[in-house]
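Lettered A, B, C and D in written order, each chain numbered from 1.
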Amino acid sequence: MSHDFGLWIAALLTLCIFSFLYKDNPFYKFAEHLFVGVSAGYYIVLNFWTVIMTNLWDPLVKAFSNPGTFSPQQGDYRALLLIPGILGLLLFTRLFGKIGWMSRWALAVIIGVYAGLKTTGFAQSDLVAQVQASLQPLWTGSLGQSISVILFTIGLICSLLFFFFSREHKGALGVASKIGVYFLMISFGAGYGYTVMSRVSLLIGRFQFLLEDWLGFK
Amino acid sequence: MLHSPCGAQGTTPPSGGMPAPAPASGLTWTDVVNDAGRAVTLTWKLSPDDDGRRVLYYYIERSNSPAGPWTVVDSTIAGVNTRTDQKVRRNTDYFYRITTVGPGGKTPALSVTGPVRATSQWINQTRWSVLVFMVMFFGFVLYFIASAQAGRKPFVRRIPGIDAIEEAIGRATEMGRSVLFIPGVQDIDDIQTVAGLVILESVAKITARYETPLTVPVAYPIPFTIAEEMVKSGYLHAGKPDRYDPNSVRFVSPEQFAYVAAITGIMVRDRPAAHIFMGSFYAESLMLAETGFSTGAIQVAGTANVHQLPFFVVACDYTLLGEELYAASAYLSGEAKLVGSLKGADLLKIVVIVTVIVGCILETMNLHGLTEWMKTQ
Amino acid sequence: MKREIPLFITAAIGLYMILSFFVPHQFVSVPADFLQQCAIILVAFGYVLGGANALRVNFDTIYKRQSGWPYKAVLVAGLLTTLIIGLADGRNWQDETTRSMWIYNRLYSPMQATMFALLAFFIASAAFRAFRIRTVEAGLLAVAALIVMLGRVPVGNWATGFLPHWAQLGTVQEWIMNFPQNAAKRAILIGAALGVMATGLRVILGIERSYLSGED
Amino acid sequence: MGLESIEKLDRRWLFLLMGLLVLGPLIAPIGLPLTVSVPVQGFFDTVAKVPDGSTVLMSCDYDPASRPELVPMTKTAMHQLMDKNCKVVVTVLWPGGPGIVDQTLREVMRESYPAKKYGVDWVNLGYKAGNEAVMVVMGQGIANAFPEDYTSQSTTDYTKLPIMRGVRDYSSFPLLVNISAGYPGTKEWVQQVQSRFHLPMVSGCTAVSAPEYYPYLQSGQLQGLLGGMAGAAEYEKAYGHGLKGAATKGMDAQSLAHVFVAICILLGNVVQITRRPGGAA
């Protein structure tokens, strides 16, 4: 058995969480609340040191202590970081009822940036690139391979038709979307089976921690 | 990037009496296109001694004048004759030379290349295909929105998973228990979170109408802030702003599994009768859905994360798959404008299918034009 | 004005970000980088709001002695301790020997790994209940799951070792992943991309704007 | 137990069974049938062909998250090399790795080779930041990239670390053993070192990244590949010597768990079919 105090804490918390499998109990409740508190605190600290200090405070200090080096056209827009600094402080107006509407400016900036970025990002990586990758020769010279590719193409088209919203799924569209559902179901089943391995590995990892590190069982 | 701690000064001791390698030569440069003028690509002829023993690396050295002083900006291993310098300032003249490094010492190239100048471009030439698809899509959507506003409300098929949301809330009301809404485990930069939060507004409208308590634990702070607005707005639009409970929307923790621990706690202790999962989910999907199932609640889920759909499909009563999640907000609101955008997406699906069929035929005929055109960077 | 200004900000920034995807020139790309930086910083400010909400809700419960209040006290204590130690540790709070790292290694990371490991159990209980072959769809789901799951461990190949190579579980498993599974996955990705684009457009054009429409 | 009681089975029985099936083999391995596949045999044979007494480079590029898969490989490889009286120089390119790697190797040495000495028969040079750049610098001289070992002793002080006397650059090693969890790892070693210095190389990697490395195996750039826990277990079998391998135990647990989930699916269906007269679905 280990004589490391920290290891004991870690092992006991591990057991507290496993106890949830039997039923909800005070040990699990304790671990759950501790975990929520510690992790929330951790993320606040993380964002403070890695974003607020690194991306905002340090560049601002540099920009204002040494103004000569400020050159926006080369991507050095440090002094302008005052803007997000102020908008960020405006977020706190939410805590003071009446003027809470000012926080929406910050929200508007965040939403605008991500809506624009993701719209183009997905258009490229998940629309054009995925379609592009699906353009493949249907006859590859080998019968087995060709059948697989044709099957792939049919599956792709039918599954896409399943997502058709503006027509009732009847007639030809009904047949195609039904085939699409079959493909989706195979995909979900396969996805489930594929994941079993890594989940079991995680459990093995936890048991090894308890057996080897904590109990010293080799 | 200066890789070597030995740097340009070179402390490599000559060993075994091997002579310094012959220099590399013929350095040429091209400006990297489709960028903001921040990179140049350099290509050179390998040293004649580059035979696997006598040359170790090439240092790429840069200077602002042909006379030096030279700084090593990058290096390649022997046998590699090209590198892109991504640390240049645009519209600035540079001079480059290649220094060949071997066990026997270092030899700078005999000539210097320059002035080298990186410039920026106004359009990314590799993204025309994306632009075409996007313009087409936006055109379709705007057209159908306009036509919907003109009074022609487009038809939308039933989406059972979405109808199930109201049913689930109805049952929670009958049982006198609450509704639990989970807007996913990702931050606002994931558009699924936005979609989930938009659905939350419709859900809040229904719970306000039925006067059923609503609990919304949120993982990240900005979605939490928006969720507050959404729930307030839902209660306002249902005409019951006084029923809004400021404690119904709670910030929990961005740590995925701490968030899950808290939610499973709510599930087994408060016993909500309806669980609605709408947004981006990862490994925790199965844990949420299985624990939720064991409490006997009606569960409706929706996510576009392909790898997690299996777990919702097997453990929830209804699951919105991929695009259905995004369609849900339009469908729930029933607003003609929003529904118009669904019709636009359908039309683009036809375009995609035609592209796939035509593209596969072209590829089979050994014509690669379309595939090449659709390659992006 | 309380609604129009935010709507205008979202529309202008959103369209600008779309433009910056196609135009690499510095007049466009540099402000676009700056806007992204802004979003990251604003999101970080949000954490303080989140922390304040967590403390308010939980202090409320503790103060009113509602059921489970001692656990809420554990939560608050955990949050404040981690926060104070993390700030006191200074910039190098993630060094190997700090108290923050002790909290991370001994509290945070074992609990996280154990929660994650619980999935192995749920995967069994869901399999028992949910893979019942009532319809063709459910049958495909169950059969695909069985093949892929067994094809990924040596036992599967051992059990089908007498068959020709192409019919062994490992090979079939790989084929399912590469063709049918991939086809459906790609269709979902393409559909979801259209959904993202539609949602993005609706947000940018201000058709979807409830996030800006509280009571005042 | 009647079928109705299976139908109403408390899922906690399933949890318990799952827990026991994973825990059991970890305590008492059963040794389910394993066939050593070609890439694993290649790994074993390549290591076996290294001249006895030569110095081998082993880069352990992973962190604790990959422990169940990669630690057993590391141990078996160390065993195989030590049995041949080889000397082993260990490097780490993952920031979270040195702790677990050092602990693993010291354990192997303490338990199985107490006569061999740190600094003489093996050395752990620890972690160096820089990914591929470190590989490149190592080509100039191992001591240039790693001026100190994990215990902060100078790698050029041959009185403390006599093993380093015979180590100059990649040409000092007849073999590179890479245990890799992703980036930087096998792909980078192949591109930066194997293809450049023609240093024979074998790799052990996680199950997730194995398909990515198969092409290197086909092209002969890798002489052997261990993929995930299954690869580690097969390697333990190939090595033999009655090694009580963690991967063999883990693989037993993994296989039993998979079979158990499969039985859950089948049992669910048995209940389903027998519940309805005629068994029609």
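Throughout what follows, contacts are C-beta pairs under 8 Å (C-beta built on N, C-alpha and C of every residue); 3 or more make two chains touch, one makes a residue touch a chain.
As the structure is a computational prediction, the values presented were derived from the model and not from experiment.
K.L.:
So, comparing C-alpha centroids, which chain is the farthest one from chain A?
P.N.:
So the farthest one, by centre of C-alpha atoms, is D.
K.L.:
Comparing the two chain pairs, does A-D have more C-beta contacts than B-C, or is it the other way round?
P.N.:
B-C
K.L.:
What whole-number Å value describes the gap between the mean CA coordinates of chain B and chain C?
P.N.:
One centre to the other, that is 12 Å.
K.L.:
Just the number, please: Cα centre separation of chain A and chain D in whole Å.
P.N.:
Distance between chain centres: 28 Å.
K.L.:
Go ahead and note the Å separation of the Cα centroids belonging to chain A and chain C.
P.N.:
3
K.L.:
Using mean CA coordinates as chain centres, what's the gap between chain B and chain D in Å?
P.N.:
For chain B versus chain D, the centre distance works out to 32 Å.
K.L.:
Can you tell me which residues of chain D touch two or more of the remaining chains?
P.N.:
11, 15, 19, 22, 254, 257-258, 261
K.L.:
Can you list the chain A residues in contact with two or more other chains?
P.N.:
17, 20-21, 29, 31-32, 35-40, 42-43, 91, 94, 107, 110-111, 114-115, 117-120, 122-124, 127, 131, 134, 153, 156, 160, 163, 184, 187-189, 191-192, 195-197, 200, 203, 205
K.L.:
If a residue has to touch 2 or more other chains to count, which residues of chain C qualify?
P.N.:
Touching at least two other chains: 18, 21-22, 26, 30, 39, 42-43, 46-51, 54, 68, 108, 111-112, 115-116, 118-121, 123, 125, 127, 129-131, 141-142, 145-146, 149-150, 152-153, 185, 188-192, 194, 196-197, 199-201, 203, 211-212, 214.
K.L.:
How would one label the connectivity among the chains shown: line, ring, star, complete, or other?
P.N.:
Per interface graph, the chains form a complete graph.
K.L.:
Chain C touches which residues of chain B in the complex?
P.N.:
34-37, 90, 120-124, 127, 130-131, 134, 137-138, 141, 145, 187-189, 191, 194-195, 197-198, 201, 220-222, 224-226, 229-230, 232-234, 236, 241, 247, 250-253, 255, 257-258, 260-261, 269, 283, 286-287, 289-291, 293, 304, 306, 309, 311, 313-315, 321-323, 325-327, 329-330, 337-338, 341-342, 344-345, 348-349, 352
K.L.:
Where on chain D does chain B make contact in their complex?
P.N.:
It is residues 11, 130, 133, 136-137, 139-141, 144-145, 192, 196, 198 of chain D that touch chain B.
K.L.:
Under the touch definition given earlier, write down the residues of chain A that touch chain C in their complex.
P.N.:
6-7, 9-11, 13-14, 17-18, 20-21, 29-49, 51-53, 55-56, 72-73, 75, 77, 80-81, 83-85, 87-89, 91-92, 94-95, 98, 100-101, 104-127, 130-131, 133-134, 148-149, 151-156, 159-160, 162-163, 180-197, 199-200, 202-203, 205-206, 209
K.L.:
Please give the residue numbers of chain B that touch chain A in the complex, ascending.
P.N.:
89-90, 127, 129-130, 133-134, 137, 154-157, 159, 188-191, 194, 222, 225-226, 229, 251-255, 257-259, 261-262, 264-265, 268-269, 306-307, 309-311, 313-314, 321-324, 327, 342-343, 345-346, 349, 352-353, 355-357, 359-364, 366, 370-371, 374-376
K.L.:
What residues on chain C touch chain A, complex-wise?
P.N.:
2, 5-7, 9-18, 20-22, 26, 30-31, 33-52, 54, 68, 71-72, 74-83, 86-87, 91, 93, 100, 102-108, 110-121, 123, 127, 136-138, 140-153, 173, 175-194, 196-197, 199-201, 203-204, 211-212, 214, 216
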